[in-house]
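Next come two complexes, and both contain chain A; in the first it sits with chain B, in the second with chain C.
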Partner chain A sequence: MATDVKPTRKNLMAIEDRIELSERGHDTLEKKRDGLIMEFMDILDQAQDVRSELEDTYDRAQQRLDMARAMDGDVAVRGAAAALKEHPEITTQSKNIMGVVVPQIESTRVRKSLDQRGYGVLGTSSRIDAAAEAYEELLEQIILAAEVETAMKELLDEIETTKRRVNALEFKLLPELHSNKEYIEQKLEEQEREEIFRMKKIKDKKEAQERAEREAAEAESVSADD
Partner chain B sequence: MSAQYGGPAGEASNYEYVTARVSARRASLFDEDDYRKLVRMGTGEIARFMEETEYGREMNALGARYSGVDLIEYALNRNLAKHFNDLLRWATGEAYDYIARYLRKFDAWNVKTALRGIYSEAGADAIRSDYIRAGEFDDDLLEQLAVADSVEAAIETLEQTIFADALREAYDDYEETNLLVPLENAVDRVFFEDIDEGLPSRVQADRATELYIEFITAEIDFSNVRNALRLARSGADMDPAAYFIDGGRLFDAEELRQLVGNRDQLVEHIRESIYGDDLAEALTELEESDDIVRFENVLDAALLAFADRLANRYPPSVCSVLSYILAKEREVDNIRAIARGREADLAPEEIETELVML
Partner chain C sequence: MSKEIAVVGSPDFTTGFRLAGVRKAVSVPEDEMSAELDETVKEQLESDDVGILVMHDDDLEYLSRGVREAVQQSVDPVLVTLGGGTDSGNLREQIKRAIGIDLMEEDEQQL
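Moving on to the complex of A and B:
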């Protein structure tokens, strides 16, 4: 209990306002947390699919690269890879999921046709085409996985933050405010009781004084009559 | 060797001598038992096994610079170059000319290696190590290419070679697109154009030349088939005629252009050609599984078998040498495939399906 709060009616009203605001905030944050969790579950499913597809694509790409290196030689594969300097372009935009800004990654020139890969067609084999194609597919999957997993991470961070805020409101701030309110209410009641008691005492005292004065006056008038 | 092409001019051909030397070399190539042993070895065991074979000298020479499967691959390339240089050393006259024409594919390889290295700024050392010195380019020319500071400078270095004109023509395209494709295609095209340049017609040719023409025609046809299938599969908006190699008998440029758009017709065309019987099984497999890689292996095996048949038909001819060249290349490809396959933990059975053996 915060005993450093001044038990005044003004403070009590302020605390009551804060309690109302905090409870409203708590409800809103709880709804946000639940919404975020639902969004997260959707993205989690998507991320699991993307991750498993990514692993399959990686295995396939690696297998094709191994085959190309085995059959055409490492030198030929490295040579074919060196025949292209241009890199795919990746641009990021952002989208908003329940107030959480997540990236949206757009890629261009990842998938290439045979004449865009840099190496000549006449002097290379379809094993190199297959490896290049598989790696282009892998790169696309990596970009998709990066988008989905970053969104998942951002959502997870936001859920964590929201959960902490909800918990802070629920288990710290609101109990404290309620306790302060109770404390002030008790103090005010106590002060009221003391006031009433004091008033009663004053009243008794005044009555006793009046009675004494009345009795003295009566005694005086009796002695005068005598 | 010189960058200025041509063997000892005016000398008579010595097919008998070259064929006899080649027969001895051919007998020492790895056989199926060797491959069967190799696919069950680890990469270290393969390297040790090779040290005890005729690749031992190259393995030891390169052992300080490379290790593991890279050592095996570079040793294979160097050994291949040594053997093919021997062929050029032994041959004279027409035999030299025909062998040199065929081995210029390594000149084309080296030009592309240099262009790619310069383009990607890989450095002269990387270019030097990736050369396969089995063609006619001498060491000086290869060194000048490796240290050239731009693609343009490399093309100027090739001024005295058969690649000069084609590369100059393709340079504008390269500048426009900043892609090596036009230059690489130009180099490969020059190789194929040069291979049958100036040969007499089949009717006028002597027996050796006739067989050479027959082999080269088959190689060009197979290359056209391979390229047509790749173009058909890629779906890219590319003009098939630009990748057509003249000199085959399977297609002309217009036929190829039409067939690339319709793969079923293309397969049917090959099936009905003179290669139909050799490729029947592979074509059926291609129709069923769409696996071009497997089909390319079958094409390689078919070309090897075709060269063997020609060599057997007329032993003291250039065909015996060409058949040996293909067999040696195949041996190198097979050993490398086994070593790289084992390095990548591929199962022996999986590697065996990729090997081309006769």
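Moving on to the complex of A and C:
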């Protein structure tokens, strides 16, 4: 219990207002947290699909590259790789999910036609083309995975923050406010009881004084008659 | 602003990406990984024109704890790891911390 609160009616009213506001905020944050978790569940399903597809594509791309290396030689593959002129680029835009800004990644020049790749058609084999194509497909999957996994990270951060705020309100601020309110109410009741007791005492004292005065006056009038 | 995809890993890992046109493919030989990988990854993290960083899941082992955590938590650039199966790194831990349940374990059991 915080005993540094002054037990006044004004403070009691202010605390009651704060309790009302905090309870409203707590409800809103709880709704936000639940909403974010629902959104996160959707993205998690999507992310797991993307992840497993990404791993399959990576295995396939590696197999094709190994094949090209085995048949055409490492030097030929590295030579073809060094000749490339078109480079994939990504641009990021943002999307808002319940107040959380998540990226939307758009890519350019990932998929290339044979003549866009830049290496000579005569000097290379179809196995190198197949490997290049598989890696281009892998890049597309990577971009998709990056988008989904970033969204997941952002959402998880926001869920954690919201959860912490809800817990702080529920287990720290609201119990403190309730205990302060109880303390002030008890103090005010105590003050009221003391006040009543004091008034009674004053009344008794006054009555006793009046009685004594009355008796003195009566005694005086009796002696005057005599 | 357009950004690029960066790939960091062994020469075997990066060759395929070079073939797909990735310009920022940094090869670090296996025997120099523990000495050089930290610095190379830090450079890519600090680079403004890198939007996605691709690494092999096994190579994360060579990173020091601080750099590994920084790269896993980074959003710009975001790290995408390959070859580590469907379990995507520290995301599982983060899910456990934020939601309170290991959602990925449920999925593993379903599979």
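Criterion: the second predicted complex is superposed on the first by the 224 of 226 C-alpha atoms of A that agree within 3 Å, B and C clash if a C-alpha of one lies under 4 Å from a C-alpha of the other, contacts with A are read in each partner's own complex, and residues count from 1 in each chain.
Going forward, a residue touches a chain if its C-beta (ideal position, glycine included) is under 8 Å from a C-beta of that chain, and two chains touch if they have at least 3 such contacts.
What you see is a predicted model, and the numbers here were worked out from it, not measured in a lab.
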Fit or clash - chain C, chain B, common chain A: fit
Touching partner for A:Ser113 - first (chain B), second (chain C), both, neither: first
Contacts of A:Gly79 with chain B and chain C, given as first, second, both or neither: first
First, second, both or neither for A:Gln209, with chain B first and chain C second: neither
Per-residue touch tally on chain A - higher for chain B or for chain C: C
Which of chain B and chain C A:Ser125 touches, first, second, both or neither: first
Angular separation of chain B and chain C about chain A, which is computed from CA centres of the superposed model and rounded to the nearest 10 °: 20
Contacts of A:Ser94 with chain B and chain C, given as first, second, both or neither: neither
Chain B versus chain C as contact partner of A:Ser221, first or second or both or neither: neither
Touched partner set for A:Ser52, first chain B, second chain C, both or neither: second
First, second, both or neither for A:Thr8, with chain B first and chain C second: neither
Which of chain B and chain C A:Met67 touches, first, second, both or neither: first
Closest approach of chain C to chain B (Cα atoms, Å): 9
Set of chain A residues, in rising order, touched by both chain B and chain C: 62, 78, 80, 82, 84, 86, 117
Residues on chain B engaged by chain A in the complex (per definition of touch): 69-70, 73, 77, 108-109, 112-113, 116-117, 119-120, 122, 130, 132, 178-181, 183-185, 187-189, 192, 223, 226-227, 229-231, 233-238, 243, 245, 292-293, 296-297, 333, 336-341, 344, 346, 351, 354
For the chain A and chain C complex, residues of the former touching the latter: 37, 40-41, 44, 47-48, 51-52, 54-55, 58, 61-62, 65, 77-78, 80-82, 84, 86-92, 103, 105, 108-110, 112, 117, 128, 131-132, 134-136, 138-139, 142-143, 145-146, 149-150, 152-154, 156-157, 159-160, 163
Complex interface listing, chain A residues touching chain B: 62-63, 66-67, 69-71, 73-75, 78-80, 82-86, 113-123, 125-127, 129-130
Contact set on chain C toward chain A in their complex: 1-5, 15-23, 51-52, 54, 73, 75-76, 78, 80, 82-83, 85-86, 88, 91, 94-95, 97-99, 103, 107
